[in-house]
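Read through the structures below before going on.
In the two complexes that follow, chain A is the common piece, with chain B as its partner first and chain C second.
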Partner chain A sequence: MNLSIGDRVRVRAGDPPGHIRTPYYLRGKEGVIVARWGEFRNPEELAYGKQGLPKRTLFLVRFRQCDVWPDFIGGAHDTVSADIYDHWLEQA
Partner chain B sequence: MPGPHDVGGKDFGPIDRQDHQRTAFDTHVDVLQQLMGGGGARLYRVDELRRCIESLAPADYHRFSYYQKWLTAMRTLLLEKGLFSRQELDRRLEHMRRQS
Partner chain C sequence: MPGHDHHDHDHDHDHALDPHAAVTEEERREFELLERSIRELLIEKGVFTADDVRRVIDRAATRTPADGARVIARAWTDPAYKKRLIETPKEAVEELGYDLGPAEPNLVVLEQSERVHYVVVCTLCSCYPRVLLGPPPDWYKSVAYRARVVRDPRGVLQEFGTEIASDVEVRVVDSTADMRYLVLPQRPKGSERLNESELSRLVTRDCMVGVTFPDRP
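Here is the complex of A and B:
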């Protein structure tokens, strides 16, 4: 899967066991890729002493607050951004 | 279920913005971590340390100080990797208790 800046993405909704770097409150939410930080060894595997290969691409994803919190009362332009690895993202 | 560290969206009230005083214990743990971790003997990776911190029982996670979390995670990793056994650790602690 080739994701790039500007793509609309959905965070995987799963709750797998293990060491997870994707915040729980963003799972299943839709946002937009705003930066591509590069490729890094997968920290979810490094956390168990493995090599973390193949490397994963890390993106900055921006979410509208009103898409994240059902009871959000702030402005429609308020956003929250998070670093998320590509294996947690799918095209929305 | 998310671990005790994964708190986005939960209400913990206002943030305590007071500066914390670094204790001798804090410095001791920090030095141990520098000697054993990626910048030193590389006994474990920082990702492993983080996994063990985030695997603490929720009650311990909320009760422990920052460096207590580190120290507990470092102990978990050294046991995991077999650098010493639980029995060896217990014996040593007992020895130190008798000396103090």
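Here is the complex of A and C:
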């Protein structure tokens, strides 16, 4: 899957066990890729003494707060961003 | 910050299922015991010495927010440096004599403006730009801060005494992976005549996390 900056993406909604670096509160939420940080060994594998290969592409994804929390009380343009690996993202 | 008011998660607090569920005080004591047992066993087996452990902890504590403040003050006084700090943070920080080392996580600098206020958290654990600021403060690691700042950033900032105007965009950045975030605050008004070292004294640890503004001159 080729994702790039500006793409609208959805975070996978799964809840697998293990050393997952995708915060629970963002699963299933839609946001926009705002940065591409490059390729990193997969921490979900590294945590268990594996090689973490193939490497995963890490993106900074920005979410509108009101899309994450339906009852958000801050500003309409407030956002929350998180670093998310490509295997957790799908085109929205 | 108020005490540990447990946030309403929509899933079970069962660490067997979710290693990132909030840690209770009781669990924290268990983890401390576990850490000590493993450490003492490894020392006994000769994998490393107690002195090795001490040295690693010592090295981690050598960096302090004064190091980050130096970097910010340089960026405030030298526009070309600021540009390098934002575009190639690691190299720019190394210019000032800090060796970030190849194994360290990557540094990202978030520049605040009149329109955008950044605030940094690690909801999963306590990822923090230690290479530049030293160890994180206790509140940064607290469940209350981690759970609440992504949910109600303006409310949490208010508790730090930080009022963000309604037309300013609050951008929370959750450092979940291989990047570490440093906030580059705006240079305070009235600081025009200060030199770099005077400016660095206005740069507090908390403003480099984004929960406050730099001190006033």
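Simple rule for what comes next: the second predicted complex is superposed on the first by the 92 of 92 C-alpha atoms of A that agree within 3 Å, B and C clash if a C-alpha of one lies under 4 Å from a C-alpha of the other, contacts with A are read in each partner's own complex, and residues count from 1 in each chain.
Here is the rule we use: a contact is a pair of C-beta atoms (placed from the backbone, for glycine too) under 8 Å apart; a residue touches a chain by one contact, two chains touch by 3 or more.
The structure presented is a predicted model; accordingly, all values stated were derived computationally and were not measured.
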Legend entry - Joint occupancy of chain A by chain B and chain C, clash or fit: clash
Inset, instruction - Could you look at A:His19 and tell me whether it touches chain B, chain C, both or neither (first, second, both, neither)? - result: both
Inset, instruction - Kindly classify A:Tyr48 by the partners it touches after superposition: chain B alone (first), chain C alone (second), both, or neither? - result: first
Legend entry - Touching partner for A:Leu58 - first (chain B), second (chain C), both, neither: second
Inset, instruction - Once the structures are superposed on A, label A:Thr79 by its partner contacts, choosing first (chain B), second (chain C), both or neither. - result: second
Legend entry - Broader residue contact with chain A after superposition on the shared chain, chain B or chain C: C
Inset, instruction - Answer with first, second, both or neither: which of chain B and chain C does A:Trp69 touch in the superposed model? - result: both
Legend entry - Residues of chain A at both interfaces, chain B in one complex, chain C in the other: 15, 19-20, 23-25, 43, 68-69
Legend entry - chain A partner contacts - residues on chain C that touch it in the complex: 9, 11, 17-20, 106, 123-124, 150-155, 166-179
Inset, instruction - Note which residues of chain B are touching chain A in the complex, please. - result: 1-2, 6, 8-9, 44-45, 47-48, 50-51, 54, 81
Legend entry - Interface residues, chain A side, partner chain B - complex: 15, 19-20, 23-26, 43, 46-49, 52, 68-69
Legend entry - chain C-touching residues of chain A, taken from the complex the two chains share: 15, 17-25, 37, 40, 43, 58, 60, 62, 65, 68-69, 72-75, 77-85
